[in-house]
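What follows is a pair of complexes built around chain A, which joins chain B in one and chain C in the other.
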Partner chain A sequence: MNVAPPRPARNWPLLLGTLGFLVGMTWWSGHGIGFSLTELLCNLPGGQRLLQESWPPDFAFLPRLYAPFMETIYIAIIGTVVGGILAIPIAVLAARNLTLGPIVWFADRNFMNILRTLPDLFWAMMFATAVGFGPVAGALALSVFTIAVISKLWSESLEAIDMGMPEAVRAAGGTWLQMIQFGAIPQGLQHYVSYALYAFELNVRASMVLGLVGAGGIGMILETQRANFEYERVTMIILAVLVAVLVIEQISESIRKRLA
Partner chain B sequence: MSANPGLLKPQKQIGWATWATFIIAVLFFWSLIAIEFSPGRMIQVPGQIARVLSFFYPADMAYGWSAVLPAIIESIQIAWIGTIIAALLSLPLALFGARTLFPRIARFVKLISATARAFPEILLAIYFVPIVGLGPFAGALAIGISSVGMLTKLGAEVVESIDFGPVEAVEASGGSRILALRYAVVPQVLPEIVAHWLFRFELNIRASAVLGVVGAGGVGGVLLNTLRYRHFEKAAAVLLLTIIVVLIIDMVSGEIRRKIIRG
Partner chain C sequence: MNKNQGSIRFTDASVVYPNGTVGMKDLNLEIRPGEFVVIVGSSGAGKSTLLRAINGLNRMTSGTVEVDGTKVPQKDGRELRVLRKRVGMIFQDFRLVKRLTVMSNVLIGRLAHVPGWRAMFNLWPAHDREVAMKALERVGITEKAWVKAAQLSGGQQQRVGIARALAQEPAIILADEPVASLDPVTTHQIMKDLVRINRELGITTLVNLHFLDLAKQYGQRIIGLRFGELVYDGSAANVTDEDFRDIYGRDFTEDDVLDEDAVGG
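For the complex of A and B:
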């Protein structure tokens, strides 16, 4: 007697369709961007030369990095604080169980999604054009980026809270604001802090490259050295950035773990 | 009220939160002073933004269809190839990076993935551009390499969370470690890992959109140039089309991810 259960039938049309789509999309994309292994292999000697030029890093350049590096951190702090505060009402109104009404919810939700579609550097380019090159543009850009990150994540965790407390506040005669303040936010606070720290990590990383479009921070030095092909200095900057990012991430992660 | 100890506020929690708020406030105002973001400057900002925004209307859609859309398509292609490179490289790395399967190799793999994750893709592109030349190919390589780190980490976490029963079953019936990977591990982890790939593709669309800033192809270079030469109607077309295309891709990809996870 055969006791093995029958093999589940495969959905061949779906499987082949997916496979065809994947292969087709990859071929089309590879063709479109001029992907070629031969080109990559032929250019490897050039890459070797570049690596030789960019090594060893120019350590004498390190002291000049201090001021722009601190500027980067300032930008990240301002962006996280401003964005973190503005994200609170946006996240609350985007949570289905707390929002003021379907129209507000719909508008806020779409506003949030549109904010999220544009990458950080696009905001930086626009603010640099509007308010001029410099760290102020970077801080504004990261504020918007932070709103997008925190409001999306936090609205989802607010939707998962226990509705007993908010309903109790309401039943005791509390207003909508009091319901949010005493019923909802205390439950979501831990998540909020964790997301804010996560946004800060992202912001530190982003603020390193904001300078490429003139929005202040260490990226501005990076851009001038890159344009002059001073790759020893480029390597020095990137190494410094990497170390800083890793250290800040470690600190932030250990705080987040303690909170969780 | 305070006669009832049950209604007292939890003192310890409040103290901690107050200190944290205070420190953050100090850091915040210190930063504002350091970058010279004075109240006078702040008042100017809304006006400046409104002025530039007023130039954005109407969007130059003729330019949008002829120049921006091809650049956006190039960004999508960069993101796709980058994601494919990262997916192919990260699948074996994720398996070897799982502490539960390969305790010794896992430590090493995790170190590599942490290093790869620390690089913003745009910094990698700065290195790839001189190697393979200006253009989208450099962008795709940069996206691919920097995505490997995150996909390896997430993939390894998925592998670590599997049910070990099937693995033991394969090995108990005489199968090797490799066979156990093929028949017990991969089928369990594939749906979640593919969902991570799709999510990374969504992120990579945004990443590839900015790579044009360093000459690595895509729509970022177009936006930078239109803003630099103050062609605000053209810049508006870039923003509008980018928002629409990214929204559509996010929706489709998100829907597929939900389907895959549900099975």
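For the complex of A and C:
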């Protein structure tokens, strides 16, 4: 008869050690940035006043959010589409099993690393000096950000594909490009779409942050209202953004499910 | 039909893999156009190595392979693609794009025949679509042309694999254990298809098999490999159990035959 082996005992020392380590790290980090609980408690009345002034949300302000909100979405869409397309060759060349050669692979990997290391705000500043502050600079910055996100994730899933089909294309006399198109990409397509949707979600959020520094859209409105102490409007904007982000995530989730 | 179509010649050919494994050793072999050759040998004997040398998927470490008198190029490039265009390959695991239709899969066999941009944008010339359809006809599954490959049975998928090879209008077909993932009934159907296509079109056909009874039943000529060396080359009609013992280096068991009744004779 088959008897399941007894359940192994919990490793308490390891568990407690890990917990202690995490608590220690948090305390140490908080100390490092000058976080203090007493100070926070002393400032509570100020926070309370801020909360009072922020309620109720100013619903009359809602219609004026439409245009800037759409601008935010447009910036995110352009960034996702442009970046998503450019990410394809970059991801393919960064996949060890598909790349054209060690030199190309190495150069491409490093290019990706540079894109990923620099934050989207940096790219926004760069493009702002080139094309001026505004939605165009924002869209360009998000394109770079999207390339970084998709190429990193997708090159890794491409490395995990079954090389049988690409070999079959080669065996039929196909070129390298045809091997990629007919042998590799069909296997990676599902992941690609899923990463592109994920990048879009990130881009909607990032697009708002870029708005804070002048790239237009909802982020810019948020910043103006905050600077004018219009806290009830600020609450309204945050609520609207919250709902919008939830809706977008829901839609992209359902598309992803349908693909699976 | 061109008399010089589909001949293969190995001359002192050897393959040593980077890790030192010998895949092929001093092979001298000539295969005439239109032959139906079955290659047998135990696992690791070098059957796949032999087939894959013919279309340049494996490189030789010494010696040469020629197809119709032209050496198989040993590096990637146009010349190798030109050769591969004339050599169809069939795989144990079918190697289809599951999410695409049967037709799209068969058209992959036409990639080397059309301008790159046409294939890229799925703008296949009518002639090539016709060739693909004819290939499906040849294996009897035209009605599945617009079905996704994922929805086919194993036997049907292998037929698509055969159709893709036929769509190349090849001089040679290489089949690497084409029936190893199929049940016995389907196995016989696929083997019969391969034999029939060989007879009808005169395409030189090389099939790797590991079932002895199948080799004897369907082979015209049998080639036996052991540790990368040619140890048997003769007609299937004359091959004896003794020969098989030599090829395998041991008595064979029911694992070596598809139909178990064939053992113990």
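Quick note on the criterion: the second predicted complex is superposed on the first by the 229 of 260 C-alpha atoms of A that agree within 3 Å, B and C clash if a C-alpha of one lies under 4 Å from a C-alpha of the other, contacts with A are read in each partner's own complex, and residues count from 1 in each chain.
Assume contacts are C-beta pairs under 8 Å (C-beta built on N, C-alpha and C of every residue); 3 or more make two chains touch, one makes a residue touch a chain.
Please read all numbers here as calculations on a predicted model, not as lab measurements.
Shared-chain residue A:L177: touches chain C; no touch with chain B.
Contacts of A:A139 after superposition on the shared chain: chain B is touched, whereas chain C is not.
Once the two complexes are laid over each other on the shared chain, residue contacts for A:I78 go to chain B alone; chain C is not touched.
When both complexes are overlaid on chain A, the residue A:S254 reaches neither chain B nor chain C. Chain A has more of its residues touched by B than by the other of chain B and chain C. In the superposition on chain A, A:T117 contacts chain B only, with no contact to chain C.
Once chain A of one complex is fitted onto chain A of the other, the partner contacts of A:N97 are absent, as it touches neither chain B nor chain C. When the shared chain is aligned, chain C comes close enough to touch A:M165, but chain B does not. Touching chain C in their complex are the following residues of chain A: 164-165, 167-175, 177-178, 181-183, 186-187, 189.
For chain C in complex with chain A, the touching residues are 55, 57, 81-85, 87-89, 91, 93, 95-97, 99-100, 108-109, 111-112, 116, 119-120, 164-165, 168.
On the side of chain B, the complex with chain A involves touching residues 24, 27-28, 30-32, 34-37, 41, 44-45, 48-49, 51-53, 73-74, 76-78, 80-81, 84, 114-115, 118-120, 122-123, 126-127, 130-133, 135-137, 139-141, 206-207, 209-210, 213-214, 217, 220, 223-224, 227, 230, 235, 239, 242-243, 246-247, 250.
Residues 25-26, 28-30, 32-36, 39-40, 43-44, 46-47, 50, 54, 70-71, 73-75, 77-78, 81, 113-114, 116-122, 125-131, 134-136, 139-140, 205-206, 208-209, 212-213, 216, 222, 226, 229, 234, 238, 241-242, 245-246, 249 of chain A are the ones that touch chain B when the two sit in their complex.
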